[in-house]
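Two complexes, one shared chain (chain A), two partners (chain B, chain C).
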Partner chain A sequence: MKQRIHHILWQPETFLALLVASLFGLMGQLDPAFIQWHVQRELSTHAWELAIIAIPMTLVILTGGIDLSVGAIMSLTAITLGMLFQSGCPLPLACLAALLAGILCGALNGWFITRMQVHPLIITLATMAAYRGVAEGISRARPVSGFPSSFAWLGQGLWLGIPVAGWLFLGLLVVMLWMMHARSFGTHVYAIGLNSTATRFSGIRVDRMLLAIYTFSGGVSALAAILLVARRNTAKADMGMGMELGVITAVVIGGVSIFGGRGSLLGTCLGILLIHETREFVSWHWNRDELNLLALGALLILSVVFQKLLRHKRATP
Partner chain B sequence: MKGGIRKVFAYMVRYRAAGLFLFIFCLLTLVTLVNPTFLEWQNLRDIAVQAAPICIISCGLMLVLVTGEIDISVGSMMGLLAACMGAMASLSRGNWPPGVVIPLTLGIGMLLGLLNGWLVAYAGIPSIIVTLGMLTALRGVTELIMAGTWITDLPSGIRFLGTGTWLGIPVSVWTALAVFLVSLWLVHQTAIGKRIYAIGSNPHAARLAGLPIKPIKVFVFAWTGLLTGVATLVSVPQLSVVDSGIGVGLELLVITCVVVGGTAVNGGIGNLGGVLCGVVLMTMISTVLIFMKLGEDATYWSRAIQGLFILGAILADHWISNQRKT
Partner chain C sequence: MERLKTNALSKSYGGTHALKDISMDIIAGEVHALCGENGAGKSTLIKILSGVERPDTGKVHWRDAPLPLGKVDAIEAHGVVAVHQEPVIFPHLNAVDNLFVGREHAMACGIWLNQASMRKQTQNILATLGEALSVTEPVGEMSLAQRQMVSMARALIHQCRILILDEPTASLSARESASLFGRINVLKEQGVGILYVSHRLEEVFKLADRVTVLRDGASVGTWAIKDLNRDTLIKHMVGREVPVAPPTSSPNVKPTKQPVIEVSALCRKGAFNDISFHIQPGEILGMSGLVGAGRSEIARALFGVDRFDSGNILYGGRTWTSLTIQDAIAHGIAMVPEDRQLQGLVLPLSVETNLLLPSLANHECFRGLDQGTMRSTAGDLVTQLGIKTESPSKPAESLSGGNQQKIVIGKWLHTHPTLLILDEPTRGVDVGAKSEVHRIIQALAAKGTAILLISSELPEILSLSDRIMVLCGGCNQGILSRQEATQEILLRRSLPTDSGRDI
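Now for the complex of A and B:
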């Protein structure tokens, strides 16, 4: 029992939860207006796209891979949606096509990674340039706007007091938590991250799983792109620029090891919360965006150092 | 005849640079046939000036990749160094003489590299995390220094580094050449060069052989920082305005060049000739597209074509390494 408590106490998630709690305490002291529900709800609109993509990114990093192309997939799918809508295609159909485009992009990544045995970092670096390039090419770098106001509900509207995008995130999270904890899928994901060769020899179809995970990542990026287009009411080729780094930062701050096999979706959620609250509070209270970048970079490096210390502590009771 | 082709092919398999060189040659022939003005001195010089800073940083980054690490902070580092250099040298701010500004800029670059290296080697944080953090944090520091303003009054002494020529060739190209030669010497003639490759190709064996792994890792990061300083000195003074957005996205371009040049991200493999060809190819593409007279559309498609080239290089590499195995 004592050992179990010791184990839980030194989990990165516990440490992160404490950090988030103390951050909220600090913010409440400095600026009570900031932690009001309606302010938080309003500010949360900035975070949903990042939060949604962080879920598949957690899976990708847990398998020991990385996906740098998520921002570019957002750009390509947003443009697919915009161009189809502009050419008179009904909006639901255009959204479906955008989702399909995202899934195809993700599947292409997965295919290259599993068939060519090339490092995911390299492949997704290349497809990042290619996907965004295609988006720029077909849109000729021009924005598309004029979506109907009913579409804006998807990105800006509320349902039962919570943003629609938030419901989507929660739904996706619940499904993935179930997949990770109640199905063999989760165990296999960790196994691939810890030792993919051994996993393959255990009769698990590693390639098929990786293909599925990267495809999922592409599809979810498309979903995020649809939300972003709905929120901004425009589709542009430079959408999602730099998204990949923000998402990876959130996942890594959440305690997921960049080498795979360690971490959890719960940690990722706390990581997103930590990044989002820090970012919004620095902008809100000091009104300085440059401090934001500095804080984010320092947070990333420090949290990894702390997690290293925690792991050490956990291993030696 | 068949034997000859096989021999050429075997050579290309063996030397990555040869294959890339052949590819660049074909591209050059094609664009010259379409538009002979491509080979004019002025145009070639412009391409060389564009390629020079990329080449300088790539020489450092290649060594980082060879040790099995990665550095994605060079873009933000260049931004910060440009801001520091601007603040020190500009007539209305520091107005320090070039003799002070140049060593200080190089020194700051090296210190930032040392910090990266120390965090990776001694604090034991994965290099992609360290440099991702630095990518974000250094951009923040840059914006703090610039505070929303920009610098337009660099003194002529500093400006010479970017726009001056010697024997008709720009200073930046001379510098890139010098850096390339020094890197060649470092890789092929010194013990440290051999050790860098040894660490990357088999870290475990290198440790058992008693190689100083940590100092060498710190060295490659510091060297990359120093070279980023050099690249800043020769490229930023070309611009008429120094603001806080210099070097955004540079890290990806440099990594792309190095990887297209045949460097393995898992470490142990990489050669400078290949990297140089990678740099030339990647900087040539946008100009080639303009000279091919494909019309306005080509400018919008340039990034997509760049992406296709990278994918092509990776697939070719995959195919070639399969051929090597059989």
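Now for the complex of A and C:
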């Protein structure tokens, strides 16, 4: 029992949770208005796309890979949605096509990684450029707008007092938590990240799992793009620009090892919360962009260094 | 007198006392064997002597001066060099780069590396180990034994005064072992002190001058080799009298049965050529040969890891011309691969997860993974195989080498395979556990499992197999029945003859 408590106390998630709690405490001290529910709810609209993509990104990084193309997939699918809508396609159908496009983009990444044995960093770096190139090419940098107001509900509306996008995130999170903790899938993901050869020798379809995970990542990026279009009421080719960095930062701050095999979805959630709150608070209170960057950098260093120390501490109790 | 002396070394990992109060010495010009069961603390002692780990308490003296502890480079500079149990190499580099990483030969005032001299030296050292290895191939693509040799060569290019070898022969076959022994004797004559760890007791008696026995982390004593015999040594190691009977021969299979697997004319360019054999239910087919003879490659082809170019496999009522690991497993083939750390285990995961990894999907139920049956299955395997661990939830990497090997065997036992391929199943397993593994193999065979046993240990092959196939250079040198086979015949057949046999 004592060992168990010790074990839980030294988890990176515990440390992150404490960090989040103290951050809220600090923000409440500095500016009580900031931590009110309706303010937080309002500000959360900025974060849902990032949060949603962080879920598949966690899986990708846990397997020891990376997906740099998520932002580009967002822009490509946003443009797909916009162009189809403009050409008179019914909106639900256009959304479906956008999702499909995202799934295809992700599957293409996965295909290169599993069949062609290209390193994920390289192939997604390449497809990041390619997908965004295609998006800019077909849109010719012209934004599409004029979506019906019912569509805006998806990005801006509330349901039972919580943003619709938030419900989507929660739904996805619950399903993935179940997959990770109650199914063999989760253990297999960790095993792949730690030693994919031994995992393959144990009869686990490593290639198929990787293909599925990168495809999932593409599909979820498309979902995020739909939400973003709905929220902004425009579709542009530069949407999702830099998204990959934000997402990867959140996942890494959340204690997921970039080498794979260590970390958790819970950690990622805390990581998202941490960077989102810091960012919003800095812009709310000081409204200075450079401070924001500084805070983000400091947070990343703090989190990574502490986790390193924690891991060491856990290894030698 | 030159000697390396340890003074009351202790080391614990969490709750396990891996070493307690070890005092011993290695004298220049002697071969000092270190014996003990799996998990006795041998590798831990070696890690401390070589500076990979730091002891909790205690000191090490070299030539009566204290040795800097926990600093590999400083210790190597004193001439104390170790070859660890699991080969430490850079898989993407070739043999030359592996040997010279961190101590490259420079020329032209350090602007260029002297590739030619480094390559020459690498070839020379590998040649003294009796192995013609490619010096351009990335080491990660070599077999385990070849990697072990690169690792050894890396230690030998030092002008060492004390050489520490942790189970160097575990994956070597008779010929490579013999050249290694030759090398050891030469070094010994040059006045190098050698600390030698092995579970193959014949080697200990052949090489060693003195033996130190460890048991549960404590030193039992040091003896001159002439004061010991096999039985007393085992008794010191285990702490009680153990009759390590040579495995009894299983009843011969009736030849009327339908074979489980029939392999015909299997070829893979550069690995093996025209391999045909069959195995019946309950039969153990041994595969003998030198390192690089193509045994593991055949095993990998049967398990669907590698493709083969031509030939086919008749198995499970189908003729396969290509198969995947999933096909193999779905039809009841299981394989214990040669390299436990690379292919057998996910080291940071727990013992339990590793044991259940092939069958985890069967433990899914409505509420999630069925922790109860998982724990009991894993617990049974731990007791059945005598895996020495604090608890099954400990990471596999915290176990000693031999105990890790037992996990790799255990993870397939509960899947009840119809064909079990064992590639060096007792590599690094101690005497007691080895006979236990042998017993398990025979029990499986008695229940009708067909077994393909690859082993470099001739006594193991000879005592367990019903028939023995000898390979050399990827070619089948004939299949012998148990009655026909002797060590001499196996060795002779496994040596390449002069009539160039190239594939």
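Just so we're on the same page, the second predicted complex is superposed on the first by the 317 of 317 C-alpha atoms of A that agree within 3 Å, B and C clash if a C-alpha of one lies under 4 Å from a C-alpha of the other, contacts with A are read in each partner's own complex, and residues count from 1 in each chain.
Everything that follows uses one rule, which is that contacts are C-beta pairs under 8 Å (C-beta built on N, C-alpha and C of every residue); 3 or more make two chains touch, one makes a residue touch a chain.
Here the structure is a predicted model, which means the values were calculated and not measured.
Chemist: A:R205 in the overlay: touching chain B, chain C, both, or neither? Say first, second, both or neither.
Modeler: A:R205 contacts chain C only, not chain B.
Chemist: Under the stated touch criterion, which partner chain does A:W10 make contact with: chain B (first), chain C (second), both, or neither?
Modeler: Neither chain B nor chain C is touched by A:W10.
Chemist: Scan A:A191 for contacts with chain B and chain C and give back first, second, both or neither.
Modeler: Second partner only.
Chemist: Could you say whether A:W48 touches chain B, chain C, both of them, or neither, answering first, second, both or neither?
Modeler: A:W48 contacts neither chain B nor chain C.
Chemist: Going by the contact rule stated at the top, is it chain B or chain C that touches a larger number of residues on chain A?
Modeler: It is B that touches the greater number of chain A residues.
Chemist: Quick check on the superposed pair: does A:G133 touch chain B, chain C, both, or neither? Answer first, second, both or neither.
Modeler: The answer is first: A:G133 touches chain B but not chain C.
Chemist: Identify the partner contact of A:F147: answer first if only chain B is touched, second if only chain C is, both if each is, neither if none is.
Modeler: The answer is neither, since A:F147 touches no partner chain.
Chemist: In the superposed arrangement, what residues of chain A touch both chain B and chain C?
Modeler: Overlap of chain B and chain C footprints on chain A: empty.
Chemist: Can you list the residues on chain A that touch chain C in the complex?
Modeler: 178, 181-184, 187-188, 190-191, 194-195, 197-205, 261-262, 316-317
Chemist: Flag every residue of chain A that touches chain B in the complex, lowest number first.
Modeler: Listed in rising order, the residues of chain A that touch chain B are 66, 116-119, 121-123, 125-134, 136-137, 140-141, 245, 248-249, 252, 258-259, 289-298, 300-301, 304-305, 308.
Chemist: Spell out the part of chain B that touches chain A in their complex, as residue ranges.
Modeler: 70, 119, 123-126, 128-130, 132-144, 252, 255-256, 259, 265-266, 297, 300-308, 310-311, 314-315, 318
Chemist: Give every residue of chain C touching chain A within the complex, in rising order.
Modeler: Contacts found on chain C: 14, 303, 305, 325-326, 328-329, 335, 337, 342-349, 353, 357-358, 360-361, 363-364, 367-369, 411.
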